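Think of it as A, B and C in the order they're written, each chain with its own count starting at 1.
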């Protein structure tokens, strides 16, 4: 039996976070009553004309540069003609022949540490459509709301460099993180500000031919991207093994049923009759402008990832910090302590406590400087790790500097040999039977004795010192 | 000669009367309103006329402002008509199409706001070929307009209503739009002055689009001076139109000179060729001689690719139109046909709402853009368009202005071409090249042929309106057409 | 340039125009004549000539990202053949039937 290899190309739409729409001054905010963010331009009234939002162009450039794309010196808009009730002009202003950016790539870090490079074919600007609603309208009707119509989008088209559904999900997550860093979008899949379509085909493993492309739409979460593609690969494999031909079609993912289904077959093939938008001239992008936009880009995820790994973090830990920019920013401010130690305190101890309380890193009472102080107290042996965690509990719940908490609660660790050796001797005297067990070779007895010392000091003894004093006494 | 009636006077004469206090705006507007009420039943130049009391109330307000010493705009109290493809807030804008019947825009076109700002008082909205697609105004869904020089003939088109209204004295000025000759050709056929400005000179915001890369709004009036005043009022950059040019607006009245010495004028031989009537050719040739007498040096020139103009035009204009007219789906405005599902209702709305010529052009344009045909039609037409632009650029290295007939024929009889699209399209043969190249072009009456007006077309380089207005003004003053109006008997007046 | 009734149906579907069956032949004939005429374009040498899509070299007319007032809802739907609750009503649209982006 032939083994088939999936060939997957992703097309991603990202809604840009501008204040106003792409071609008119209507608000781009979510959630307003229907048709209250509309004007002659975005309603497609006769005679109205589009004017390009400068900030949308800047955002598109930011995204393009973050993906290592080449920003065009001259870019143009085209009309994509098709009919649908939520498309008021009967065409969408998009970019076809001269997109704002071509080329680029992103590196996908898999959990096993390997890296998948994925090439970007192009990135272009376009406008969103309105929405058709089926609730709250008379039976047999749909209601159309044009509030979202004209909100700026970028479409990112990737090369078919992905060969597994899991890699597809990881690629999309990597792209999301990059876009998040650029600040041009909220990139929330569930809210539709990040949307992904996938072109999937199968080919006999080891060949370079392309099979028949099937476009999969309506995947509304990262998980559903992977599930939908897994389903689609299984479906196409079964069809090919049964000797059937794959139809070139668009299929919709049904999250509930866990299947893809063929969309209503259109009477005519897609024929968008693209032509240059005569209402908008060519847009020249001076190199100085592109350079200025480039200069405002923050440190990008892959650079940050490299910095963390170089500082001694595992690829996994680096990934956790990179994927959550506020968390990474917090970590970066926990300075003066070893990266690995700081990472564990931030991502395990602090984050665990915040999650339990339903708080986020952005609104915690624990400043990164205080957390660094706490880690230093533990590292210096002033308090034990156990005490450190107790102190963190207080910091998270009530706030305050760690030194102050340590002082107020008398938590300082007993690291004075003279003070401890008396207690050690008392414990040994009171537990003669255990001591003889230990001497008879029962190693476990040692732990009991340590515990008794800790108990006698109410946990304040320095465990390392207790260990060494006990051994010295027992071996003497 | 007796004192002319108010409705016979050009804008600048009316303006003088108002400024000197010899007449009130209310009287002026009433004279035109009454003239329109009396004559328009013969012409059908208007699709809608505003209520008399509303017009006169606005005029009275101007009179009061003038009496109070308020500074007034250059068109204060003067009546102007608007082609019914210019959006007017709250006032039905139909494009002479059933598909826009009842549509009241929630906004004014930029030119409408600018005229209002200049003090103009809108009298009515004029008839046109549906969506400005035509050269005779016979393709109006609400019936044709007639030529005031001969009621059995067409006024030209598509701005036939505006041209006829000005020619017959129903209003002293009007706006039209010109995509392939739709201002100049009816101006020529009705014996008035019409200007298509440089592409980008006047904002298109609010002009219902036909072919966006060709459309331009421009004025009609009785003489060049009035056209210059109107252009000054409507021209200039507009932040709502990304294709409006950020080029300062000069004082066009400075163009009004009587001497043409030092000016080089070229006559492109291709625009005098096949299809141009002998009478028209002779009339234009005489006009060119007169330009020479006025001091211009006149020479022949060639625009080698201009012969492809109609072919280029009849690919590009329908292609853009097919997309521009995709929005008429009966969802947000306009009447809606019956239908069970969205697709069939949509197709029925459009099938019933558009007239035959509009349907033909939508089909033609859709075909020219469709998969497999784009390169052979649309892309190729755009490349030939480049060659035509280059021809003009070369000619303007040698000449300051070019002259040609505006229309190859005088006004033709109603019904004579309406069944033959190719014959109708040929009406645009001399006017289309300026649209393809985005150049300003003026039509000035230059004579009568069998009692019907002939137009002289003066084409300038981009933003060369000053030059062509200068040529037009000097010619008009020297020409014996000045003051000729349609015979009143024809109008039953 | 011969245009068939099938071509007419295809193009009519693309631009959503209902053309009665009995008119298809006449429309095909009329379109064919015009297309035949514009065939002349094929005789023009356009080797190396770029297309003109805009006549003005107008540069970059961009808009600042500022919110301007929108139309009131009742004005937005005032011209609609059918509207309810601020929504434009259309015959029910089938999910996934849309072309284009998404």
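General remarks:
By our rule, a residue touches a chain if its C-beta (ideal position, glycine included) is under 8 Å from a C-beta of that chain, and two chains touch if they have at least 3 such contacts.
It should be emphasised that the depicted structure is a prediction, and the values quoted were computed from it without experimental measurement.
Using mean Cα coordinates as chain centres, the one most removed from chain B is A.
Overall, the chain located most centrally, as judged by its C-alpha mean against the mean of all protein C-alpha atoms, is C. Per-chain CA centroids place chain A at a distance of 58 Å from chain B.
For the pair chain A and chain C, the distance between mean C-alpha positions equals 40 Å. Each chain gets one centre point, the mean of its Cα atoms, and the points for chain B and chain C are 25 Å apart. Looking at chain C, residues 14, 16, 53-54, 56, 58-59, 61, 63, 71, 76-77, 82, 88, 90-93 sit in touch with two or more other chains. Along chain B, residues 103, 106, 213, 239, 242-243, 322, 326, 329, 331-333, 342-343, 346, 366, 370 each make contact with two or more other chains.
Under the contact definition stated at the top, the residues of chain A that touch 2 or more other chains are 40, 43, 51-52, 83, 85, 142, 144, 271, 273, 275, 278, 281.
The touching residues of chain C, counted against chain A in their complex, run 10, 13-14, 16, 53-54, 56-73, 76-77, 82, 84-102.
By the touch criterion stated above, chain B contacts chain C in their complex at residues 102-104, 106, 199-200, 213, 239, 242-246, 305, 308, 310-312, 314-315, 322, 326, 329-336, 339-348, 350-352, 354, 359-360, 362-364, 366-367, 370, 376-377, 379-387, 389, 421-422, 425, 436-438, 462. Those residues of chain B whose C-beta lies close enough to touch chain A in the complex are 85-87, 93, 95, 100, 103, 105-107, 109, 204-209, 211-213, 239-243, 319-320, 322-323, 325-327, 329, 331-333, 342-343, 346, 366, 369-371, 374, 378. Residue ranges of chain A in contact with chain B, taken from their complex: 40, 43-52, 79, 81, 83, 85, 88-91, 142, 144, 269, 271, 273-275, 278-281.
Residues of chain C that touch chain B in their complex: 3, 7-8, 11-12, 14-20, 27, 30-31, 33-35, 37-38, 40-42, 44, 46, 49-56, 58-59, 61, 63, 71, 75-82, 88, 90-93.
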